[in-house]
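Some structures to go through are shown next.
Both complexes shown next keep chain A, but they swap its partner, so chain B is in the first and chain C is in the second.
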Partner chain A sequence: MLRYAALRGICLFAVVVVAVYITILIANMGGYVDQIIKSEVRFRIGVLVNQNPAYKNLPPSKKAELIEGLYQQEIKRLGLDAPFIFRSHQYLVRALTLDLGRSLYLTSDTGSRLVRNIILERLPATVLLFTSINLILFFISITLGLYASRKYGSKLDKLIVALSPLSSIPGWFYGIFLILIFAATLHILPYGGLVDVPPPKDPFHYALSVLKHMILPVLSWLVAYTFIQTYIRRTFFLMFSQEDYVEMAEAKGLPPRIIERRYILKPTLPPIITDLSLTLISSWMGAVITERVFNWPGLGTLLYMAAIMLDSPVIIGSVVIYAYLLAITVFVLDIVYAIVDPRVRLGVT
Partner chain B sequence: MAGIAILLILVGISIYTITTIPYERATYLWQAGKGIWLDNPRNALPSWMNLFLPKKLPETIILDTAEKQRGVTKIVVPFGKTMSKVIMELTFNYEYDDFPSEINLFYSSKFTSTPPQLTVYWVKPNGEKFKLKDLTLSEKGAYYISNDEELAKTLINHIREKLGEEPEYGITTEIALFAKEDKSILKKETVSPLKGKYRMAIEGMLFEKDSDVNVKLVVYGKVYGMAGTDHLRRDLMIALLWGTPIALSFGMTAALSIAVLQMIIAATSAWFGGRVDFILQRLTEINMTLPFLPILIMIAVFYKLNIWTMLLVIVALSIFGSGVKTYRAVFLQVKEFPYIDAARSYGASSLRIIFLYIIPKILPTIIPSLVLSVPDFVFLEAALAILGLGDPVAPTWGKIIDDAFSAGALYKGYFYWVLEPSFLLILTALGFALLGLSLDKIFNPRLKEV
Partner chain C sequence: MSFLKVEDLYLYYRTRMGTLQAVDGVSFSIKKAESLALIGESGCGKSSLAKCLMRLLPRNVELFKGHIYLDGSDLMELSDEEFRKTIRWQRISMVPQAALNSLNPVIKVGEQVAEPLLIHKSIDKKEALERVRELFSLVGIPQAFMDRYPFELSGGMRQRVIIAMALIMNPEIVILDEPTSALDVLIQASIMNMLKRIKRESNLTFILITHDVSISSELADKVAVMYGGQIVELNDAESFYKSPLHPYSQKLMASVPSLREDKQPEYIPGAPVSLINPPKGCRFADRCPFRTEKCSEEPPLVSLKDGNYVRCWLYAR
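== the complex of A and B ==
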């Protein structure tokens, strides 16, 4: 198991490396990465010179000259005057270690200009919303799918089939309508955001307020994806419930719960997890727009703000973080896959 | 069938749009430069809303002395040697239940050194006459009656003196000029416009021989056209119409080219096997874990893409998508079919086998999923527009939604602004979804049983 996990981990890390390298290549065709690094070097040297008491009495023009000289030296020392192919490796290492530089305009709530701090501050909101959404979706679709497959042809089953085209419209789009209905017309739920303004002081009410703000985004995704996912699960379950061993178990007179759990759910889990990992990957993408629609202060909104303000360090940093997030998601699911399907971890195919 | 009907309607709209409004004209109008929309109200509802509303909302009324129009008179009486007196009257009937959104008086005049002077009066249906302002004209300009604070103060004072009571809310110039001046004007809930014939009387002096003056009164309504207007007074219809061909062609081109390229890759991978297969499959896996949208956003921000280069980037990022895996699995089965062996035995080239024997074999089965994937790309384009990364000039549905969001349409209650493009987006999605599902039943009949 450990060997398998390590192997998958290495593979996925390689993917992250490639993703980040591609990001750097794309970004630096316009010279954006160079710009980030150079501005950071200049900032550091500027601070150094300004804080040094020895230079305190220098006239501003002399000081600027000094900074410029030191800056050129530093650029040489860091190898930043080398051709891009060599520099790109340096950038790659920095990006992989999350040394993402300084933002141009955006700051974190604590006032930090470090892209890493800005992103890490936004990350919990995104993770909170989208893991909740995906977990809820996953469990609803599994239970509902199982139920529908056992009651094949029932009214509920037909309803699910009939409603599955709803998913040809993405979740964020339903979000607009939910805001229109519940916030703009009925005034019972907030338009968006993470908590009430001003945020409640005690943690309990704070959590409650966050929950209230989560209702609409979660609901928008449920409307869009519950039926199609239930439909897919149901089809899986139907295929597997026609296997001989299920009929055998039924003939033995096993109670339906045990049949469902041991004989249908268990063997279908691997393909379901493969499917889940694809869904999760696309959900990280959908997250960007959903956050914009609901003004949810997560990574997606950050990326949107950065795109509007042309804050290139933040944009590149966000792409790197998204690459990590995707790889981590896939990694976790691979491990889960190996747990539910012993053939994988034993290397038998 | 419903799917085909919807799509036919959308195609019909597209053809109509492309033939009647040239693209250059549409983008020019949508840029809203040079005050081309100055005669339109801001944030007006579509006109047909009046059919459903209990209160009849005003249309925009335009009276121009430069054109021959009913209700417009202009008399120039020579006076002394060079001077002349000009009298203009602009009359209109106001039969609506709500107030106009804005009132402006645009003017243009001709003179060499001494500009004409005008005095503007406002006459209500009950005969009450107010002096609005004395104007000394420039060559081209406007008197923004709604923004005249001096006038607003005078009008409110007039109401205060007449009724002996203080109004309970801020009376705007439009309300003061159009309201019934009784107790009802004091409360926001009860104030209502006086219906009947209004008149703007303008008296003025021209000081030079060839001097001339023309005015245009615009009483902006609260409804406009078939689709209403946005915060920049643009007619939303243009973007709604032009959004249709753009959305359809964008969605279909993306879906089709991605499917074809993925199939070619999958077929190559399945046919050659071995090292080629290994490399193509690893590439696919890497591509599948790339953060597609963030990278797309990054490219769109850094390189300022227009809609067609964006399409290219989307296709380039998607050709190694999950479809490659699915198609490859099918192709691996197809590869073992006897007719492929037959082809190989008579010496058909790999190229021939891939393009003429393997890919056509599964073509019909993928058509439904291809049709079903079109809305994804239509919404992707809208999503990019909503993220502020749409084409800089092309009017699209997504851009309307983006404008509406940025202007806070949902908070301010301008629902039509969001609902109109949304309706078209839903219609498109529904059309392709219904068509795809029915095609699925035709091409893959076995699925019907499950």
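== the complex of A and C ==
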């Protein structure tokens, strides 16, 4: 077991290293960005020297020499004198140690320019909102899906199937209508944001205020995705309820609840857990449009800002953090698999 | 006094092509501790008949009617919940056809065998596992296997586990649906011997469903031959194996390969009758060597002794 965990850990770390390195290569266009910066520097120095009255009477060859000297100095200062391949490895080491550098334009609410601070400040809001949404969706769809698969062909089952196309429109779209109804018309819920302005002082009222602000975004996703999720689970359970061992359990006269728990849910747990955890992780990158619609100060909003302001360190930084989160989740998943499924634990497929 | 009596049992399925008459007016009765073999080709309705007895019906049932008397009381009058709580596994248990896939892959076999005891009798786990241990030695499984998972067991072992499971509640009737068809001959033989021993030592009633006449001869006191959803011959094993009456039974017996005689096994020309819109009259008529004009009419049930019968014009007086 320990050997298994260590082996998986090493493999996953290798994957993270490769993923981050590829991101660095892509974000730098394989070194081409260096060329852009270098020519920019040369242009800037050229303009500076030519416009400086002190150098006005210098002969052109001297002037060129001067520009070349200043240029080399500046390149050295920027660290661009080493070849890209060499520097890309430095970038890699810094990214892997979460030394994510400084942003170009964005700052955190506390005024920090460090990419790590900016991201870590936004992450909790996103994690809070989307983890809640996905957990609620997950438990509703599992319970309802099991029920619908048992009552296959019933009115409720047909209703779920009929409503599943609601997901063809994304959640934020329903969000707009929910804002119109509950905020603009009825005035019972806030338009958006994380907490009331000004934020309540004591923690209890603060939490309550956050909860109140979460209602509409959560609801908008539930409207969109509850039925399709339930539909998918119901079909999945229906498939597995035709296994021979499920019929055997029925023949044994076991009550339906036990059959569902031990004979349908338990053997199908590994794929369900995978699904849940991967959904959770990917939701932590935030949903750009949903966060914009509800003015939610999360990673999605941050990425949106970084994209329109061309703040590449922030984007690279969030990819690095995401790669880590994903690897850690897959690692935990592998261990959980081994716990819930003896077939994995004992090395049989 | 008959112990299990089935009267005019019908089970029709709804299919896209029309109504499929899987069990079409089946009647038979057996005494306590008597074993019945249900023989027939694939698709003749024998597994459907077993499903009727366990009331394990698929979703597309169109018609399910008739009477099943167990010890005098009609099981068809029980609600599904009553049936589940009082009949399944406690009085009637089964070894299903796909026995190799009938164990839950993520629960230890010992626990799976003990499960009905824990749920129906609510006795404590230690006692239940003790009983499992006894049964495992009865069916010839090492006790260490209790803590194993199904995928760690061979096919024959899994079959024994299922048989142990079928016996755990001390049921009165055990339905064996093709209990050995997925196993090689050596394991088949050892499992049949084990079943014979269990039959000798207890007063269990076995209902053995098989397409294999030679296997049925090992266990049966009584034989019912099914064709096209109906029982065409119900007879005592002894007289059946000596001289089968119905032409279909004769053909079945003649198709058994024999080791010592220099006799080619016969086969039955034609295909089994379709159970969707079966022809009027005798369902075997198309393949029958003794066919007469009368066969296009519904054949009579010709009574033999002890409530046995044969469904054929040949024996009508």
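Keep this in mind: the second predicted complex is superposed on the first by the 270 of 349 C-alpha atoms of A that agree within 3 Å, B and C clash if a C-alpha of one lies under 4 Å from a C-alpha of the other, contacts with A are read in each partner's own complex, and residues count from 1 in each chain.
The rule is simple: a residue touches a chain if its C-beta (ideal position, glycine included) is under 8 Å from a C-beta of that chain, and two chains touch if they have at least 3 such contacts.
Note that this is a predicted model, so its numbers are computed, not measured.
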**Prompt:** Is A:59 in contact with chain B, with chain C, with both, or with neither (first, second, both, neither)?
**Reply:** neither
**Request:** Using the superposition on chain A described above, determine whether A:179 touches chain B (first), chain C (second), both, or neither.
**Result:** first
**Item:** Touching partner for A:315 - first (chain B), second (chain C), both, neither
**Value:** first
**Request:** Classify the contacts of A:252 with the two partner chains as first (chain B alone), second (chain C alone), both, or neither.
**Result:** second
**Message:** Between chain B and chain C, whom does A:341 touch in the aligned arrangement: first, second, both, or neither?
**Reply:** second
**Message:** According to the stated criteria, A:267 is in contact with first (chain B), second (chain C), both, or neither; which is it?
**Reply:** second
**Message:** With both complexes overlaid on chain A, does A:153 touch chain B (first), chain C (second), both or neither?
**Reply:** second
**Asked** Touch check for A:304: first (chain B), second (chain C), both, or neither?
**Response** first
**Prompt:** Who touches more of chain A, chain B or chain C?
**Reply:** B
**Message:** Quick check on the complex: what are the chain A residues that touch chain C?
**Reply:** 152-153, 243-245, 247-255, 258, 262-263, 266-267, 340-343, 346, 348
**Request:** Can you check the complex and tell me which residues of chain B touch chain A?
**Result:** 285-286, 288-295, 297-303, 322, 372, 375-376, 379, 382-383, 386-389, 401, 405, 410-411, 413, 415, 418-419, 422, 425-426, 429-430, 432-434, 437, 450
**Message:** Quick check on the complex: what are the chain A residues that touch chain B?
**Reply:** 12, 15, 18-19, 22-23, 26-27, 29-30, 32, 165, 168-170, 172-173, 176-177, 179-180, 183-184, 191, 235, 238-239, 278, 281, 284-285, 288-289, 292-293, 303-304, 306-308, 310, 312, 315-316, 318-319, 322-323, 325-327, 330
**Prompt:** In the complex formed with chain A, which residues of chain C make contact?
**Reply:** 54, 56, 59, 84-85, 87-90, 93-94, 96, 98, 101-107, 115-116, 119-120, 149, 151-152, 162, 165
